[in-house]
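The block underneath contains the structure these notes are about, expressed in structure tokens.
Read from first to last, the chains carry the letters A, B, C, D and E; within each, the first residue is number 1.
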Amino acid sequence: MASIDINQVSKIYDKGGAKAVDNIDIKINDGEFIVLVGPSGCGKSTLLRMVAGLEGISAGTISIGDRVVNDIEPADRDIAMVFQNYALYPHMTVYDNLAYGLKNRGTPKGEIEVRVAEAAKMLEIEKYLDRKPRALSGGQRQRVAMGRAIVRKPAAFLFDEPLSNLDAKLRVSMRGEIRKLQRRLKTTAIYVTHDQLEAMTLADRLVVLNGGVIEQIGTPLEVYHKPASTFVASFIGSPAMNLLKGKVEGRKLRVGEFELALLEHNAPDGPVTVGIRAEELKVCDLQHATLSFEIDSIEELGAQRLVHGKIDGQDLTAVVASSIELGSHLHLTVGAAHLHLFDHDRGKRIEPPVAGAASTTEKADLAFA
Amino acid sequence: MASIDINQVSKIYDKGGAKAVDNIDIKINDGEFIVLVGPSGCGKSTLLRMVAGLEGISAGTISIGDRVVNDIEPADRDIAMVFQNYALYPHMTVYDNLAYGLKNRGTPKGEIEVRVAEAAKMLEIEKYLDRKPRALSGGQRQRVAMGRAIVRKPAAFLFDEPLSNLDAKLRVSMRGEIRKLQRRLKTTAIYVTHDQLEAMTLADRLVVLNGGVIEQIGTPLEVYHKPASTFVASFIGSPAMNLLKGKVEGRKLRVGEFELALLEHNAPDGPVTVGIRAEELKVCDLQHATLSFEIDSIEELGAQRLVHGKIDGQDLTAVVASSIELGSHLHLTVGAAHLHLFDHDRGKRIEPPVAGAASTTEKADLAFA
Amino acid sequence: MYRIKLTDHLILIAGVIFMLGPLVVAFMTSTHSAAEIHTQGLMISMGDDFIPTYEKVLFESGGFTGQVTGLTMAMNSLILGIGFAVGKIVLSMMAAYAIVYFRFRFATLSFWLIFTTLLLPLEVRILPTYKVMSDLNLLNSYQGLILPLLASATGTFFFRQFFKSVPDELLEAARIDGAGPFKFFIDILVPLSRTMIAAVFIIMFVYGWNQYLWPMLMTTEESFYTLMRGIKQILQVWIGSQIPDYNEAFAMAVLGMLPPIIVVVVFQSWFIKGLTESDK
Amino acid sequence: MKRVQFNSRFLPYLFLLPQLAIIAIFFYWPSIQAIHSSFYIEDPFGFGSTFVGTSNYTDVVSSSQYMRIARFTIVFSVLVTLIVISLGLLLALKADAVIRGQSTYKTLLIVVYAIAPPVAGLIGLMFFDQHIGPFVEFVSYFGWDMRIGINYFDTAFAMILIAVWNQIPYNFIFFLSGLQSIPASVREAAAIDCKSGTRRFWTVIMPLLAPTAFFLLVINMTYSLFDTFGVIDVIVKDSAANNPITLVYKVYLDGFRGNDLGSSSAQSVILMVVVLVLTMIQFRFIERRVHYG
Amino acid sequence: ATNITWWHGMGGRNGEVLNELAIKFNEAQSACVLTPVSKGTYEEALSSGIAAFRSGQHPNILQVFDAGAATIINAKGATVAAEDIIREAGHTFNAEDYIQGVRYFYADADGKFVGMPLSSSAPIMYYNTEALEKAGVEAPKTWEEFEAIAPKLKEAGYIPLVQSHLPWQMVENFHSRNDLQFATNNNGYDSVVDTKILINTEEQRMMFSKLKEWQDAGMFAFYGTGWSDNQKPFEEGKVALWVGSSGSFGGLLTTASMPFGATFLPNWEGIEGSGTNSFIGGAALFAMAGKSAEENKCTGDFFNFIASPEIQYYYHKETGYVPLTTAAYELAKKDGHYERTPQAEVGLQQLMLPGGEWSKGYRMGFYPQIRDVMNREFVKIFSGETTVEDAFKTIEAEANEILSRFAKTAG
């Protein structure tokens, strides 16, 4: 239980090479659950491993609690790490895997037993305590890896894609367990994942990385509703936010032949990227439609389906409930409050002039729904 | 391009051992896309491998086209298989990987070149034809594996979890590619997966396996809307269908303190399992609520959230739009048409007496929405 | 973790000195004259006789026929080393292939027949083996030098381990691609085994190159003499009443070390990789 | 073994044929002859022989000389094996630990693998020469009057040192590759769980290297039993005398040098049995090591 | 031309001289081509020859050393007697041409030459001239004399005595020089059955007790069984007297750092009848059986060739091995060889000393192993691990065991 302060940290692997992590600043509060997301190679693991002490820090400082840990051995940092491939000790029983870190810290035998029993119960692996890892299924191994972290009661948990080797169903349930556990133990946690659902459901705050730099830090909903850039917009949310090239003309936005009304905004007239979440596109009849397209393909997801088509030559996807019957064309409407504007070149979000305007209109929007 | 007829097929691995596949019957039409789903160890791979000829058939027959292939070598069955870990030949270039199967069949060199070029173009891997597999990214390897299958123009494609080694984002796009490709080539396909989204979006018909036997065969929507058993109900759909123990009392269903109205049905009075999809639980105010519970936890998914709680000591999950504000309790209503009944002991679906009743009411339901 | 540890380097340097010191000394010594070495022993400085000694060892014809030079002996050693290594690799890959990839009735028996030989060296059965060789009329031939050394299972053992680590899917994919047992072996398995082949090649080449008792017994024609035999020949004077040509012995020893060292150094990255893969 | 195997009636035998033929001709046939000879006392030139039952065996086993050699062989093998394993492991660990210069160290340390045992013996012999050996001179400062060829212990010491020197690279290579096949994440997990490097070594690294170590244990045993032949041959300078020698060298001395085929064959057979037992032990360990992955 | 082969156990300069002999022979006639092959050491040459014989791949001529004589001579049918092969080739052979010490060693019990002696040597004593001068003494003729002068040599700062081959110099030739019986059955000549070694005798034990005493008193130094380990300190000038081989002479000339001379291997004056000639050392050539008449003819021609005085003298001069015929000896003398290098004559003179009943030769099977046993026990004596009494008890027992095994091989 400690805060973690990542202060202007950079990492360069090879002398003269590019920065794998570039001048990153994150202040993590005690007990907070931080999720790092970003595409492959963006530096998530590198950052995590610097916190763990498995990788040297090229510049900047990392503090855990009030202590700068740059030069402190991993074992002395009071952290526990869960690895993607579990990294269980293959020659030890599950019990010994759990007990190993405690033994090395000179925890009395009696206490080790109590703690291991506790963790094993929590994770429902009591039956397997005498087995070697090779005799466990993937999900069970995963739980042992978790157990190894929690018995230690460390100041912080570090997770590097701990669920990515599991199948979808197990992933959902393990995700819930991890969240519950962390809430219960109130241990600060940093969690690396590729998986958006994990990112959204687990995080107190999300950190979106891209190419070694931070694109956005915020709560999942902030990030979802106000993506700071087209990168974040396309990365968070499934299906990915539709991004269309358009043109601002005063209070109007033109996308191909369509014209959409805009709220107050700061964008000068000219080209702009507009983002629209697939689920904000509502089906309506031709008269009320602000957007229409011919249906290219449909993916059935059960209760909903994804409808794909093209507007102005650009791909567009809408989410439509299975209960609605579809013709060959889809007619859609979208609230002005649900249009995200990004500047054309750098993809940065363009905010409305009054802070919070979006969220008030959002609530207003609800009244109509 | 051929139909595949799996006729009372069983597989026993070890003499006297249990049946890994038990008396399975599937008739697959020419050009159909069949997806096999089921939990780990249920026999999906075994069935697929029997079709491929990689595993002997203990009982029954498998025909491809009109030919019984039980005793025919894999190479002579005119099928192509895509493996989970791609199984690319690591020492051959992409070109040679694609060409190898053709060469072995004595295809003339000129034709090989044409076919490989065609496949490479289709899969957008023309640039990599001279590379070795280790110099490709996961998605590119996946496409080469696909390419190896399609150059052959086989009568059938067999896929064994071909996407499970990819990350989520890539999986979504590859899934689309596979579907498009199969539609275009009109090649019969059998596809094994763990992943529901894949299963739902790809299949013409889904085959749900459990413990070596078929639980249900049907289109994805049939399986989604009319799961044949509690097993199928819990396996298909995300989040999983809520399954509650309740009691039928005439036209009423009692779950703990709550009473729900039922449509016409065949169930005798007494204990029963009721299934309700999370997305069919609609938020309402206290007065109209048929079900209410205290909120235990919430998972934010962006546009929606999962709200977890307990009814009568049984877990229940509802999907609630993010735009709705939540108190400490959730009040819900559910249409009678959306209650699925399963018999208490065996978990088999109990159908309403009039066939199609459910689907008509469903459409009726739409009118109210 | 990422700090440079001084003691590690000290230990490694000590190790390198312990391992390489004698080789340097051997080389230095070989550049002195025989009489000097006889009276003063090993040398740690360069002597004056480097060129004449090495020239003599390499190019001056010796023996009765006047045909054996260091070079021809080295050539014979090379033939023995390479022939043995290649033979070993071919035989043992084939045998390992049969054992790992086929289901057949006498699999276990074959396995044990082969692996019983794993640890029994030629020295222990040298006389009966000689008899067999002469019955087969293979004395004084390269086959005679090489074949009996092949009768052991070390290579088969390495390849068996390696083949077991090759993913099953490759075989399955190849079968679907229409490759039969021969095609699979040639097109897929052999190319895949490259690093393992390199590793086994080094181990076997060194073993073959270093043979000396068997070539000594086997060869009576000077054209078949190997370097190791040459060294032994020089040294046997040691036990008689003359001074051996130490300088030549050392020079030959140095020359005798070079090819295997070159092979090892050139292939070492493959070597370690090959072994690592077989460890999986 | 494999999930899928070929079914063919003839092919496996075809693939096995060359190896089996070579083994039959050059291993089993001579071995059977050796077994046959072990029951006779035979004229060296093959003119006559007397069947003596098992007396060649009983003579050998009851000879105190043979037993002394057997004891030395055991001590020698065990010492060489242990030293070689420890030093090979030590160097591999260090080479694995340093980053700078790793490949240089690797290359230099592997090089000695290429040295032939008789060459190693030659260099060693000069090193330990009674009159001019630098090592002898060196230890004389510490009051050790080292006398190779006279003092049993001194000679044994030199043999062991040379044998060790020659075999370290093999161990180094295998340990290094063993170390490199331990997943990095397991090592990292250990770095987080355990502060002390030594403890980490004994509790995590060593157990994971155990299969490699077992494998090397047996390889080294056979190395010290058989492949040190050349070292010994050079060190004893053609005269076993009171020098320590190993059982294999004794087989060679009696059979090849002394032309006593019966006794030598009996000794070969005894060795074969010992070696067979070792082979079986090896296979048990190797099969076990497969289970770790 | 007919090809014949000759396997030998010589290396270095000695090996080269054998090659030169072969070349001379090949040049001297055109009917035969002789190819010599080095097969390692004496022991290895014998073993290789035997192994080859068993598989019918043996050479025409095999060089066998003194200790292996019994092994090959007892194998009736393995060889053709040198005498016979020379005669059959149409040459004359007369045993009387050969000097006394040579006549019996490689002959059978009837005195028929089985082996053709070449590369014969004798153990002789070399002395450091400076050391003797400094101590003011003469080289000893007997061990008694040695005992008398040794303290003076020691005082002068020298190790008085070393030797290089205990079984050959202090056992076998101890018996010949002192005319003592070495084995039953007429030193083994009469039969292999029940031949027993006569080594655990008072005299033999005395020799070794003395050596041990001398060692303890600093008058004798022992550097193990390696030949050159013992020779080296002599070359370095640290030793006054060294017992080596007459064949060591050539090597010493290049390595000795001081002037040196040579004299006989001492005998014990106190032993009755001592002072007889020494056994012939080194090796002899044997014509192997089972070869065609043409090849045998060539072998006979070659044997006859090397018996010629010119070749004998040439070989003697080049190697230090002794000439074997009186004619060759005369030739050497006439050529002034011994005036130039008086040391070269010592070995021969020692072989020409009057013979005794037991100084003609010995014949014991598996004798190389017996030498191994001796060496082992002798080292133990000088390293203090055993006593002289125990050592000889062991040697006697083990040697007789070996002999009885050999007797069974004939069965």
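In this text, a residue touches a chain if its C-beta (ideal position, glycine included) is under 8 Å from a C-beta of that chain, and two chains touch if they have at least 3 such contacts.
Keep in mind that what you see is a predicted model, and the values were worked out from it rather than measured.
*Asks:* On C-alpha atoms only, rotate chain A onto chain B and read off the angle in steps of 5 degrees.
*Replies:* Between chain A and chain B the superposing rotation measures out at 180 degrees.
*Asks:* Report which of C-D and B-C is connected by more C-beta pairs in contact.
*Replies:* C-D
*Asks:* How far is the middle of chain A from the middle of chain D, if each middle is the mean of its Cα atoms, in Å?
*Replies:* 57
*Asks:* As a quick test, compute the distance in whole Å between the mean CA positions of chain D and chain E.
*Replies:* Centre-to-centre distance between chain D and chain E: 38 Å.
*Asks:* Roughly how far is chain B from chain D, centre to centre by C-alpha average, rounded to an integer in Å?
*Replies:* 58
*Asks:* Would you pick out the residues of chain D that each touch at least 2 other chains?
*Replies:* Each of 4, 129, 131-132, 191, 237-239, 256, 293 in chain D touches at least two other chains.
*Asks:* For chain B, what residues touch not just one other chain but two or more?
*Replies:* Those would be 54.
*Asks:* Could you list the positions in chain E whose residues touch two or more of the other chains?
*Replies:* Residues 41, 44, 51, 54, 226-227, 232, 236 of chain E each touch two or more of the other chains.
*Asks:* Considering only the defined contacts, which chain E positions touch chain C in the complex?
*Replies:* Residue positions touching the partner: 5, 7, 9-15, 19, 22-23, 35-41, 44, 48, 51-52, 54-57, 59, 121, 164, 226-228, 231-232, 235-236, 244-245, 247-248, 250-251, 254-255, 257.
*Asks:* Chain A touches which residues of chain D in the complex?
*Replies:* The contact residues of chain D facing chain A are 183, 185-186, 188-196, 199, 203-204, 207-208, 210, 291-293.
*Asks:* Enumerate the contact residues on chain D facing chain C in the complex.
*Replies:* 1-9, 11-16, 18-20, 22-23, 25-31, 33-34, 37, 87, 90-91, 94-95, 97-101, 103, 105-120, 122-124, 126-127, 129, 131-134, 165, 168-169, 173-174, 176-178, 180-181, 191, 211-212, 218, 222, 226-227, 229-230, 233-234, 237-239, 248, 251-252, 255-256, 261, 264, 268, 271-272, 275-276, 278-279, 282-283, 286, 290, 293
*Asks:* Using the touch definition from the top, list the residues of chain A that touch chain B in their complex.
*Replies:* 39-40, 137, 164, 167-169, 172, 176, 179-180, 194-197, 200-201, 220-221, 224, 236-239, 277, 279-280, 297, 299-303, 321-325, 362, 365-366, 369
*Asks:* Using the touch definition from the top, list the residues of chain C that touch chain B in their complex.
*Replies:* Going through chain C, the ones touching chain B are 167, 169-170, 172-179, 183, 187-188, 191-192, 194.
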